Amino acid sequence: MSSLELRKVTVSFKGLTVLSELDLGFGERSMNVLIGPNGAGKTTVLNALSGAVRPAGGEVWLDADDVTGESPTRFARRGVVRKFQVPTVFPGLTVADNLRVASSAPRPRATFTSGERDTRQRELSETLGLADRYEDLAADLSHGQRQWLEMGMAFLGDPRFLLLDEPAAGLGPGETQHTADLIKLMAERCCVIAVEHDMDFVRALGGEVTVLHQGALLARGTFKQIEKNTDVRDVYLGRGH
Amino acid sequence: MEVVVSIALNAAFLVSVVALVALGLGVIYGLLGVINMAHGEFVALGAYAAFVVTSSGAPYWLALIVAPAVGMVAGMALQAGLISRLVQRPLDAILVTLGLSLVFQQVFQAVFGPAGLTVPNPAPGTLTILGATFPVFRVVVIVISAIVIVATILFLAKSEFGIVVRAILQNRDAASVNGVNSARYSLLAFGLGAAVAAIAGALIAPSTNVVPYMGATYLAPAFVAVILGGAGRPLGVLLGAAFMGGLEVALTSYIGPTTARALVLILAIIAIRLRPGGLLSEKKDRFA
Amino acid sequence: MIAKLRAGGAGIVLVGLLAFSPFVLDLYGLSVITYILLYGVAAISLQLLWGRGGQLSFGHAAFFGIGAYIYAIFTVKLQVPTPLALLLAITLSALLALIIGYFLFFGGVRAAYFSVITLAIALIANQLAISWTPVTGGNAGLIGVPGLSINVFGLELDFTSPVGGFSLALIVLAVALLVTWLIHFRRLGLIFTAIREDETRAAFMGYRTPAYLTALLVISVSLAALAGAAFSAVSNYAAPDMLGAVLSVEMLTWVAVGGRNFVAGALVGVVVLRLLNIQISTILPTSWPLIVGGFFVLVVLLVPAGLVGTFVRLAKRLRPRRLVPVEES
């Protein structure tokens, strides 16, 4: 069982402490959702877990390795793949080429031959719902399609940990369901850690929900348990989905 | 002892000039994001202005007013006519200024001829400072440069113009939402940068041959000074200029000007490698 | 797949057609073509770095000139056999590129800063060439540089005659086209494009982007140095103007005019501007730098896609549309 942990991690920006000696670990469950009000530090947690931000204090551990301070590139090579809130695909490349670039990226697990890669890519594009746009430029895709493409690209990186930052952001109702299905599919192969605001989406994903508040861990449990948790409700008073 | 003082004074002289050029460059780059490859030609413009002033019989000191005026007009014309059209394409803006640099050099050559022109030294003679003899005029240059630099920095720091300029530097969209007319400030900033460069040209003119491509000599160290200092940080730029100029002078007396310049550039590249954010930044700022 | 074959075919046809030049052109025409081909390879090397990698080199002529000088110095001053000198020109330049890449790319230097520093490098190379007279021949450069002749394992190839020089240039062009074709149509080309599009994103995927950029720089510089060394071998001299800012700007003009996103653009740019140069030099001999500068400014301002780029864009618009079902949003 792989584990990705923050141990007493402190992160501050220009004098403002976002995370303060936070202990937070992932890996036991394959589906994890991170929620919390604005400013709780959710994105910062993802940043710290993927090397995008170097903690001012504390350590980041991947299994038995101390990976604190390594670059995001190294994190990716170790199998911690991050998908950003704003879909950042390569707009000038086709869907097919985007997937190719992703599948050629260095990764820790077994590699496929190039023939297997192409088949895998095609199948993946069907699963993603992008089979008919295979040779189109990524720039021509809709917002939702770009999200799926980027998830596909993250998935092709064969991650051990897939970090998703607000995967449902900007999606229409039909697209949201497809996205949830895709994420659940990916959770079968790796450990997913998703940051989300949309409560319906969080409920659809299932798995373990972690609530963050002001840079500290507030509660952890299934969605039902969290729903009933009075601390969580206080903190969320007024927040819908 | 005199050798050290002599080197220090020469260094101060070169640093002053490079700092002036770098400051103007830094303002333009910091504000407009445009690397003005033709900046050296503003320096040459100032030098040629000084030539025109003195050869028409007027006293040299008039050039210190004419040169920046001419520079300002040229800078604003450049910004209005060309650079403003390339706002969306910063790399192309650099390319255009590179081409313009060549064009300007050719125009200077066509108008003034390729041979070096001289501007008479308005303050001949030498001073003895701490045992070292040093031309009076160079002292004048150092003093005037210092005044212009301090004035420019104060202007940027305290004046309304300067504050708005720095706001635009921080966040252009926020500034425009607040009603700031970026175009007008860009115009003035470019003009200011060019004017300062022209003053440098006028100041250096009596000490050197005025030739069409003289700007290039100061452009490279000025650029590196800006990179070393970090864009938009006038103090950093000064530090960078001090580094470039001071080191070059110190080395020149041992290994000759060309090798000195090459060595300084290599050292600067190493410095950039170690401190990508500029000399005054913290160690290795991360990606995100 | 089709694009790959089409491009490869075009390259082969081009080289094939050019091979007839010695039979159809007089000596003067042949020498013009020879120089155009070598400048063309220099332009291709710049286009590789700029169009494919997104890094604009302001001083690329430095690498061309360094290749020329290394070849010249080793053959004239050190009596090294010409093929070895050619190899040295390439490998030493590649080493230089490796060092530059290490300091700049691995140091996080990109885009504008990179461009300025490459210009500084060109200026310094120029200054060195002019002042280090005992080695470089100073302002006059080195003359009497021998042409390339290979005499190894019983294989005798003499490139010293005008036809030989042309053949050398043609071979160099073929090499350059092959290299760019290989890069463009393999995964490597895709990765370079991805890095150019969004380097941060590529890095977040696990690609060591500075390493890729340095590799591209090494390839680009090696091609430029090869062209420069061949130039020196064919023209039998090496001079400071092979290194300086004027040639660098000219190279930028070739690629900008021709079309910075296409290898063909680099070639088209060289042909157009070189021919223009020849025509104009007869009428207004000293105005060429002014015209180059002015032309460059106009092209960048008004026709940024270049000739080939604009042509491709128009061709796309004129092609009949495919019948695609209307997409729901």
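Per-chain residue numbering starts at 1, and chain names A, B and C are given in the order in which the chains are listed.
In this section, a contact is a pair of C-beta atoms (placed from the backbone, for glycine too) under 8 Å apart; a residue touches a chain by one contact, two chains touch by 3 or more.
Here the structure is a predicted model, which means the values were calculated and not measured.
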item	value
Farthest chain (mean CA position) relative to chain B	A
Identifier of the chain whose CA centre is least distant from the whole-structure CA centre	C
Averaged-CA centre spacing for the pair chain C and chain B, given as whole angstrom	32
Rounded Å distance between chain A and chain C, as computed from the means of their C-alpha atoms	43
Cα-centroid distance, chain A relative to chain B, in whole angstrom	48
Chain C, residues touching no fewer than two other chains	200, 203
Of all residues in chain A, the ones touching two or more other chains	52, 71-72
Chain B, residues touching no fewer than two other chains	287
Contact set on chain C toward chain A in their complex	187, 190-191, 193-194, 197-198, 200-209, 329
Chain C partner contacts - residues on chain B that touch it in the complex	35, 37, 82, 85-86, 89-92, 94-96, 98-103, 105-107, 110, 216, 220, 223-224, 227, 258, 261-262, 265, 269-270, 272-274, 276, 287
Residue ranges of chain A in contact with chain C within the complex	50, 52, 71-73, 76-77, 81-82, 88-93, 97, 100-102, 104-107, 142, 153, 157
Chain C to chain B touching residues, read off their complex	56, 58, 103-104, 106-109, 111-113, 115-117, 119-121, 123-124, 127-128, 131-132, 200, 203, 245-246, 249, 252-253, 256, 287, 289-290, 292-294, 296-297, 300-301, 304
